[in-house]
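Each structure below appears as structure tokens.
First chain A sits with chain B, and in the next complex the same chain sits with chain C.
On to the complex of A and B.
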């Protein structure tokens, strides 16, 4: 980069100012407010907020509902993000190998990325409807086997399916790009040495796309914690019986439906710390195992 | 957090755009669908009827969304003059310091003309109305007489015992869904307790102090919920998620279910779908209980603080307009909500129109609201009540799913509800219930 293009010191700052302003307005200020509120009892309409020290944290951390939501969040994170990376990995490997219909599949698979969580939820709700959806025939054979409106486990599975589906396209594109940059010469030499297709996937392709795999894992993990909101709100509203109330949805319900601004802020702060530690773990620990140079 | 700040910014922008003319005021409402059309219609008529004031009616897409936006707007001092809030948010608003009681700014109005049930829900302990009741609803019982007739039943059941017998007959005749409800606390807890003259919390549901505790986990309410549980197992009752239609009102309207308990506001759609096959009655009682008034549902209009005298004048003129008998009758005709004053109801009766099917819920609903009251059927003064409703739904849902017994569910809901009440009490430390 030629530094003389940026001879004025303020130009770079000026150019990034709009973005900075947005981040400050919609990220840092709210976070600061949430942090502040988490130490007070805040009245919804303002006025008379009082400092209560760690009371909110004590209340939240001793609340079994909070821990159940945290547990569900963790379960959702692990299942949904693993599937949302593994499935596109299979698809990408297939597309990379130029199996039949790889070309149209490559294009079509990107489309779902353009669908918002809420719309996605509505569509999946219909698909999984126990009376009309694709699993309805199953209910005719074994009555009561698929009841997402009654059985919490079924509802959870439904959410995971929707989340995974919405994660596939982006991860697919990233992984496919990684696979396509694997030098063909390596395939050829491995093939000449007698390595089977599976063997080449395991020993050459996967190790070579570790950086891409790491990226999609990190993104999926954080996305599954916060991004599930739209799907939950459209599909289950946290039910039945709270079985799909993940932390992000609980915070919304407490804060916006229950006017418990302090409790919601406290939980937001805790969730934020969780997500940051998770990302830190991934970067400081897992990333050490990723080799970028080829 | 982000959403909230965004809402505040959006609201601020809107308010700045609207601040050009001084006598323009805004009225925020939550209803959608047919009631929204009726509200817009009323605004249009008001603006055409005079030239001094102009009201801009802004839909918020739902009661809860309206409340959220109002909180954000009030905090950034961009709130409207008039706002419609729903029943469950009453206490939060009373103590908010963000509103002026309507009886304070309009002392000359005869507020005693409002229905008993409407007044007691929205008034202070001194009998001053905090807000002007607007779209009033209450709980009624709906029966599909064609389906009941097939098993030889010609009268709508009045008691739960009769209802149970009819449901058994229907089931024996092969009916898959005799009775449907969504088990929403408004229906199975609040309206149930009120008309049976029972309290759901101590201190007369919080009317005599913020240190109330929930008490519904014992006695008839608990028994009723256990009954619903058993009846569902026996195939007599279905919940939303058991129906093919997915929602209790849709299931009744589609003829999937023969009976339901529903708001007066559901009548419009039911009548459109089933015509005169639908018959209404007051919500069923258990034998041995004297019938009391039901609570008013729906919403009322609040005047928010911090506005100029001209704006308040405009707000008063609009409230006066909405209170007129003819306006109430027209609103009833368009929506299925009920007239909220006695004079409007009287005028409706005198006009002879109250027998029209369009007005079928009005007389029955008003009669239900005007049943003799008790100290426990005035209304609810329970903090964070909106959140409590969610807790109640969650816990009872777990019982219906078979994850826990109904008694465990009710005990858990009471415990979690009490925690909310204590925190509410602490949040509003030093504030006295008006």
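On to the complex of A and C.
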């Protein structure tokens, strides 16, 4: 591409400067600071700082509340992201067929992209209100069967449902695009060999979209760690009794309500390491098992 | 194909119908409840029967909450985010692809890494930076000793302070510190024939002329896709606008909606009005999605979330 490129010394740097300034100021410096703060005792309102070595980590890692939040984060990650991939997979396989509902579904299933998690949380809070919502009659019959305000499990289920709802558009669109790029000739030849439509879904379509499935899984994992914040804050504020306090919410509460900047930074750093190692694991280990043959 | 696939197709229709019901259910409930009067709601509780009080509920929201102002804030912030993103992503990708520079790979790697860690993982310290964006300047002056020199000359220790919290720029900027868009344009530029810039060079066009007259018109549909995705992304942001705006007048619509209190404890919450608020907050992005479907889907497949 040599002849097709321009030769200027400073212009390209100037062109990329706005973007570089933004990511240095609001990405690299904050990450460096979080790392740095996790080794210092930081006083709120700019009261100075003091190097304390591994003390923050010791404090956080011996705190049972931290481990409970970590466990809930993991549980949420596994349940919410598997559902948020599997349901769109079914929908994408169905929408890939030339059936009557395929066209309206392709439009409507993207709508949640415009609804914020927190807005959905406000609506879900009403719909699942134990006395006013849709399950109120059930509560009249069996008192106490549904009480997300008291029972942590019910609240958690509500959270997972909201997260899955929000995750449908992106995963559906990516998986559908993958299915549509499966060459028609493969369908035809398999059909001629006597493979039924069901069989073709299992043995051709799903294996062919493994790269897309892999991609949405990786992204959905990160999204379930970070994206649930709005839903939690609007619906449960971490309650009842901390049952829905995921790490991202705990960091917010510790940092912005408890003014424990060092503790919040330490937990942020741990969460960053978790997210990065998960991504690394998925890319270096799992990706090898995904075949990209076309 | 000529074979019959009735069984599969029926199953497909059932799956799609279930999916659409799952998506539409909360939206319909919101809309229906927003039309009921508070008195009816208290009397009948949850009901699928639409009422006639939609406009009354809307006017309650307009008169008693900050939501109209906050919707304006959301429009400004989301438009700002989408516009700035389109410009900076386009320029960076252009610099990487169309110039022969040794540091091109470094820039691209620096931008790409940012996608690993969303703002939710670094918001504590990002908040500190936003509360004083001169922080790196101060650190630089201290580190190099220039601060001492200035102190000796002018007599006071230099410490600059500039907060972008509670401003539109502060709401938008940290959310722009990621690689979304740069990758999109880079892929697109690389898919264009190399002869394009070669021909432009032969005709004597400089890099700016090439960018303005050839590349920009060619990238129209990419701009549209990226703009819409960024607008929707900005509109639905929650954590950052929540911490970066300290007064109700500067908060965004989604934050304002989540803050609408369900009323006096012990009484039935004013749910019809709250649902009317939810309708107001969601109607702009929903209309965009319903009517600009093609660009949105394109944008979703081109950007990574």
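Following the convention adopted for this analysis, the second predicted complex is superposed on the first by the 280 of 294 C-alpha atoms of A that agree within 3 Å, B and C clash if a C-alpha of one lies under 4 Å from a C-alpha of the other, contacts with A are read in each partner's own complex, and residues count from 1 in each chain.
Here, a contact is a pair of C-beta atoms (placed from the backbone, for glycine too) under 8 Å apart; a residue touches a chain by one contact, two chains touch by 3 or more.
Remember, it's a predicted structure, so these values are computed and weren't measured experimentally.
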| item | value |
| --- | --- |
| Chain B versus chain C as contact partner of A:199, first or second or both or neither | neither |
| First (chain B), second (chain C), both or neither touched by A:241 | first |
| Of chain C and chain B, partner touching more chain A residues | C |
| First (chain B), second (chain C), both or neither touched by A:153 | neither |
| Chain B versus chain C as contact partner of A:29, first or second or both or neither | both |
| Touching partner for A:257 - first (chain B), second (chain C), both, neither | first |
| Which superposed partner A:50 touches (first chain B, second chain C, both, neither) | first |
| Chain B and chain C footprints on chain A, overlapping residues | 25-27, 29-31, 33-34, 132, 255-256, 265, 268 |
| Sites on chain C touched by chain A in the complex | 1, 3, 5, 7-9, 11-13, 15-17, 19-20, 22-24, 26-27, 29-30, 33, 45-46, 84, 87-89, 91-92, 94-96, 98-101, 103-104, 107, 110-111, 114, 116-118, 120-130, 133, 135-136, 173-174, 176-178, 182, 194-198, 201, 206-207, 210, 232, 235-239, 242-243, 254-255, 257-258, 260, 268-269, 271, 274-275, 278, 281-282, 285-286, 288-290, 293, 296-297, 300-301, 304-305 |
| Complex interface listing, chain B residues touching chain A | 1-6, 64, 67-68, 71, 74-75, 92, 95-98, 240-242, 244, 246, 384, 386-387, 390, 393-395, 397-398, 400-401, 403, 416, 420, 423, 426-431 |
| Touching residues (chain side chain A, partner chain C) in the complex | 1-8, 11-13, 15-16, 18-20, 22-31, 33-34, 37, 87, 90-91, 93-95, 97, 99-102, 104-124, 126-127, 132-134, 136, 165, 168-170, 173-174, 177, 187-188, 191, 197-198, 201, 215, 219, 222-223, 225-227, 229-230, 233-234, 248, 251-252, 255-256, 261, 264-265, 268, 271-272, 275-276, 279 |
| Residues of chain A touching chain B in the complex | 25-27, 29-31, 33-34, 41-48, 50, 59, 65, 129, 131-132, 147, 149-152, 238-242, 245, 253-260, 262-263, 265, 268 |
